[in-house]
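We just call them A, B, C and D in the order they show up, numbering each chain from 1.
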Amino acid sequence: MIEILMNIGFGLGVATFGFVLQTAMGGINRKIAARLQKRRGPKWYQEFIDIFKLLSKRATSHGWIFDFGVIMALGGIIGTAMFMPITSSIVAFEGYDNFFIFVYLIAVGMLGMAMSASGSGNPLASIGVMRALTTMLAYEVPFMVVVMTIIKLTGTSSLTGIAVAQQTGDFNWFMIALPLGFIVAVMSLMGMLGKKPFETYIAPAEIASGPMVEYGGKQLGMLFIMHEITIFIEVSLFVHLFLGGAETIIMFLIKYFIVYAVLNLVSNVLGRFKIDQVVTFFFKWPLFFAVVQAMIAIHLGWVI
Amino acid sequence: MESTKYTQPVALSKKQVDRKWWEIGDFFRRNSLWMLMYCTGCCAIELPPAMTSAYDMERLGMGPMATPRQADVLLVTGYLSLKTLRRLIYTYEQMSEPKYVVGFGSCTINGGIYHDSHAVINQLDQYIPVDSYVAGCMPNTEAVMNGFVDLIELIKNKKANGWKNYHTNNAWYKKNQIDALGEVRIKDEFHQ
Amino acid sequence: MELSIEIFILATLAFGLMAYVIGRLHKQLGSIMTILGSLTIFGGIAYLGFTGGLTGETAYLTFTQFEISEFGLFFAIIVSFVFAMVSFFNPFFIKQYKYPALYSMLFMFSLAGAIGVFFSSNLLYLFFFFEFVVWTSLFLIPMGRSKKAASWYYGFSAAGSFMLLFAILMIYNANNGSFHISGIGSVTGTTQIIVFIFMSGAAFTKLGAFPLHIWLPKVLTNAPDPVSAVFSGGLEKLGAFVALLAIVNMGGIGFIIPSIDMYFGQMIIATLGALTIVFGTLMAIRQDDAKKLLAYSSMSNGGYILVGFSMLTSQGVAGGLYHIVAHAIASTAAFLAIAAVARVAGTTKMKELGGIIHKMPVTYMVYLIAIISMAGIPPMGGFISKWMIFQAVIDKGMIFIAIATVFGSIGSFLYVFRPLAALFLGQELPQFKKTVKEAPFFMLLPMIILSLLSVYTGVLPGVIIDFINKIFVDMQLNYNIVMNGFAIEGYTSGIEGVGPSLLNPLLIACVFGVGVFVAFLIFIVLKKSKKIDLMDTYTAGNFVYTEEHLHYSVDFYAPLERLYEKYIHIMKNFYKSLANKVREFGAFMKYFFFTNKPEITVFWIVALMVFLLWGDVL
Amino acid sequence: MSAILLIAVPLLAAFISILVKKVSPYLLLLVSLFALVYPFFMDMSDVIIGGFDSPIGINLVVNKFALTSLIAVNGLFFLVVAVNIAQYKKLSSILLVALAGLNGLLLTGDLFNLFVFIEISGIAAYLITTTNKKPLQTFNYLVAGTVGSSLYLLGLIILYNMSGTLNMADMATFVEGNGMYTLFPFLLMFIGLGVEAKLLPFNSWVKGILGHSNNLSGAMIASVYATAIALVFGKLLAGVFQIEGTLALIIALVLGITILAGEAMAYASTKAREILLYSSIAQAGIVILLFTVGLGAWATFFAIANGVSKFILFGVVNRLTEEVGSDEMDQLKGSFVNNKLIGVSFTVAALSILGLPLFFGFVVKMNSLIGFFEPDFVSNLPGGNFIFPIIILVASVIEGVYFVKLLTKLWYKDSDVKVNFTPLFKYVVVVLAVALIVFGLFQGEVEELVASLINPGGVFIWN
């Protein structure tokens, strides 16, 4: 019992770590982007300020489902983050860091947010949710195919298991071992993070930030926290799956930073797709590459 | 010499606690001002340079936001016709508190070059509380930035209380609004 | 206590007759009989089944034989449970039907037929009950919205059951005139392939799998609301039963494809199952009718069952079986929730509905839990089955099947959200502000039970996994699912040093609970928010006073739908043109042979004679 | 007691009825009741007529098959007559002749005698169909029927020339020895009977007759005559001729097309009577197919089950048509809403034809199909054991679709059609429907009954 409570405490620690890490990372990357545009940029801790400011404001609520959805969203994401390994040894629930838990438990959070947004009664929110879900359908399929290839190769769907398989030298880092798959995964990750060119569902000027249109104050703050943790989960997934995980926490931070920064830089120079372009894009080349990669790796056994 | 003896800390009253929290909140609020830009007037042209690399308002923690619910500051950039006033008030009332208003250009102060137009209001302050004005026709970008810094100072000094005034003097504001707008007969412009 | 299964069948029939007689006198009372009846049957079968008190002796129905098998019990419990839950809805809907007493009777009769199917050890009488279910359920359908659905249903069902019959007769022929169910496994050679094809065909029709799915959406949309729930949760599972017999029981069919270690026959089934998933998903996404949407979702979930079975691994088959449970519970709950809405709102079209949640919060929660399960999200039952099926598919390394399963899984997220957003959430439309109110207690009761079960199956899978293991033993299959405490130990690792990946649903549920608790804490300590009206929403400064204008429910996924809307009617058109071809053939024959001239007859006689004389006969 | 009474009494009664017109309906009822009851007390022995022994003289064969057929046909005949006689008193004598002819058909053991009875019953049938008030159609029927029986006669003459016998049993031995040469005459006879039995290209008369039938003629032709002719056909196919090789191929083709086309035509129809008549074409095809492949025992019952069902279906539809004035399905919709009892019986009959469980049709259809799959069953038709079950099953699917369409239209549409059925008709229809259910439930008993038609060798025999 005590052990489980300890684990849960540990897990909450991981979630908090993720939040802090990603929020700081977000601030730093805003700074980097600003430098790229010859600006000074905000303080590195600007994102913290933003979130705490939102939490301090007096919000409006559109009924119980509006609030309930937000709680469910944040709860689901915190729950998901609690399973996330940071290094191969720092895992809250050892042996239970199954890949599918992340894919599906994260969906609870998404569902909560979608529900809450629709509950606000604003059509723009529903449109945003529609776009978010459509985008999800697009990026998730090629990504899952690549991950399935990895799971098939390593024979485990445990995230640390996959990371360890790369560290012990059974496989190269999968970004090298499965180069095509890696490219697909990068594109999918950009979709997951809602970075340009796939940020169709936020589209501030077009549909007034989509799902978030009716949020302000603490609900928005909680959604920001949720968003930060979601990014933490997704980027960490990527690190563990393709970059060989991390032996030490320092390595994790470095890899995490590189992945996030690179994606950020890429997204900063791109425009935005239309929603049906997103779908056709993902179902064209990334899916094709993912399938080719899977064929090569599974049926031909050519893994570098 | 001060005594090193341990003294029981004085329990703060609820009011004091609230005040402390408020001050902490104020710190966050003034360092993260999200704007809602009501760009009906010509002064809006000053915002792009303020946002981009020349003046970079993001270093103050400011940024544009999409909807009134998310925003903290309402920027009224210039003259305001009666038709748009309705929408401005509607939008202002949708913002979550605490909320601030910055008026741009002379139009929001005294009507500016439109002061004698039947379709334009002259003093924004009559209808919604304005915390900070940026004077000029049009004001240059430094002035705009200065206006924002002023607002930050005001928040720091707890003087940006427009939103509180709107509550306390609500009847007065409402009266002015109705006087200006007259009786609104239309229910919905497009689908009557 | 020991009771024979035939007692249950006879009792169900007797209940049906009683329901009819009483129903003639008083409509509601008759339908209350269906509640009593199906509850009794469910309780009896479940209790005796678990305590081993069920026997297959026949004293009255001597023409057939019954055997109590674990898988029969499994299906019987699920289906009778679905009937029992749905029966609570009958009294509230009975007034809408043209023949209320008949409805109650046929409702019970189809339950009797279904139980008969699951326990018959004589294949011929398995078919007997199979057909019995077809015609008893057939007359339930036209009591709903459309009369045409019935003939579609009959056409496909008859095709399916005759395929089953043909397979059974082949088995009979191959097994030296024995109709025993064990004969399915002992056919060999070409016969085996034919039997496999036809039995799978039967399973496909009943399950509504591609390409024999056309009837399913039609029936589920147009049948009376409770009947739709019965079909989706209960009667469709007859197809799963046949699929289990055909795909799993018969073992691998055809040659082995080496690179993925799959039999060719199973590969075909898996491919069709995958297509079912994709088609069902794509079609569900574009529906406007909530019932039709759920109908297509049923179809797509049927595809998961087929994919699971066809993997022929512990996890695949267990996943398929688990999915039967999870989907039966979830889809029944979803259909019932929609039925509850339809009862008060009078429609299931999403574009006409909105904001029902404000008056029917419990129904909403039931629907929410159901769709979470259907979308395969923890902590509900659907997650566990989908997880197992995923693992099995990956284990085989079948990429295209994997794509389909993933697509269906994410896609299900899209379509189940649609009614949630358009029907329950969004603006509260004025026409429902007064008329709509929460369903009465006896309608909520089954829905709540189903929701709790959805959660239960998603948190503590142990009981069902044990049951599935028993089925494996009973069917002499070399499969097993290992439970490690509360966790399912699914995937055994091939690499040293890496432990197998466990799935502990209880842990997931707990962690999720902790997460929600933390989020709730954050929410509650912060400043209370101001409650505002739904119409007070951001409209870019515009004044909008009509709820409809702020309610986005028409063409929800229009951008996505545009991408494939050209291709959606392919199968339907195929069957329609098939029907037209038959009609044309008939018209052609009529034209040629049935004029009002006897000369035609004489001509044909002469023609035939000439043909024969000219040919090699003489 | 002699089987000859079954033929003689009706004929005698027919003469009497011409003399005393007033009592004729009662006479008819009495005689047909007698014909129904009498077979139960008959001895199982051949009856020789005219003092000559069987190969030379004419004989009547009384065996289980004949008895079963007699009971079924006479039973249906009695019911048809009982229900309709009040309306068609004038036809009493003709109906008596028809009864004599039908009994003769089922009893006779002589091929020429069979022709005589075909003619007798045929003429009676033409006269019965005059009540349709469609003289042209009756004329067509007359022509087609006459051509058919002439062909039969032609075939018989050739056979007689070759074998020198007209006796069926004798002929059977002859045919067995000279299979090759009997093909042509057999084919002529097949076509001749095919006209009456509604097989496909020879059945153009059916639409004219049944498509405009009334209460009497519909039930009489579709139910009584159809059953009788099918059974006679069966008698010949099972007892006299063995079919194989090319001939079998042709017959199989004709039968297969009959079945499928019949169902397709019914599917393409929108008139209730047309649907039923085309469906009965298909059913006739199936029955004769079963006889052809040697599943005669079940074929007998198939024919009977079909006869009973068709009695109900045609009876009800004709009555509805009479009242509504049209037999378009759309006009009839909702007819059963106010006539539930009739509706239920109609539904039972329809479901029985579809071969759905609980009803007689299921038992019959199922066992017929099982017959194809018995491990020791060898089909004499090309395509082995599998093609024909598939044809039957496909046909059943199509059949199901249009029957279900018909049923849902009749039951579930709203309408104010109110049709009065006479209590007697209601009673008869309900009793028959109950019979269909009872026979459907007690399958074991039915199977025993059928088994009695099969001799220990497992082959269906007619003598």
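Descriptive notes on the structure:
Just so it is clear, contacts are C-beta pairs under 8 Å (C-beta built on N, C-alpha and C of every residue); 3 or more make two chains touch, one makes a residue touch a chain.
Everything numeric in this text was worked out from a predicted model, so none of it was measured.
Interface comparison, A-B versus B-C: the higher number of contacting C-beta pairs is recorded for A-B.
Computed centre separation for the pair subunit A/subunit B is 35 angstrom, with centres defined by C-alpha atoms. In this assembly, the C-alpha centroid of subunit B lies 58 Å from the C-alpha centroid of subunit C.
Centre to centre, using the average C-alpha position, subunit B and subunit D are separated by 96 Å.
Note: centroid distance subunit A to subunit D, computed from Cα atoms, is 75 Å.
Residue positions of subunit B touching 2 or more other chains, listed in rising order: 67-69, 94. Annotation for subunit C: residues touching 2 or more other chains are 536, 538. Looking at which chains touch one another, you get A-B, A-C, B-C, C-D.
Touching subunit A in their complex are the following residues of subunit B: 21, 24-25, 28-29, 31-32, 34, 52-53, 56, 58-59, 61, 64-72, 94-98.
If you check the complex, the residues on subunit A that touch subunit B are 30, 34, 37-43, 46, 49-50, 52-53, 56-60, 204-205, 208-209, 212-217, 220.
Contacts from subunit D toward subunit C in the complex involve residues 136-137, 139-140, 143-144, 147, 151, 183-184, 187-188, 191, 195, 200-208, 246-247, 250, 260-261, 263-269, 278, 337, 351, 354, 356-358, 362, 366, 369-370, 372-375, 385, 389-390, 393-394, 396-398, 400-402, 404-405, 408-409, 411-413, 443-444.
Chain contact summary for the complex, subunit B toward subunit C: residues 67-69, 84, 86-88, 90-91, 94, 187-189, 191.
Per the touch definition, subunit C reaches subunit D in the complex via residues 62-63, 98-99, 124, 127-129, 131-132, 134-135, 138-139, 142-143, 147-148, 150-151, 154-155, 158-159, 162, 165-166, 169-170, 172-173, 176-177, 579, 582-587, 589-590, 593-598, 600-602, 604-605, 607-609, 612, 615-618.
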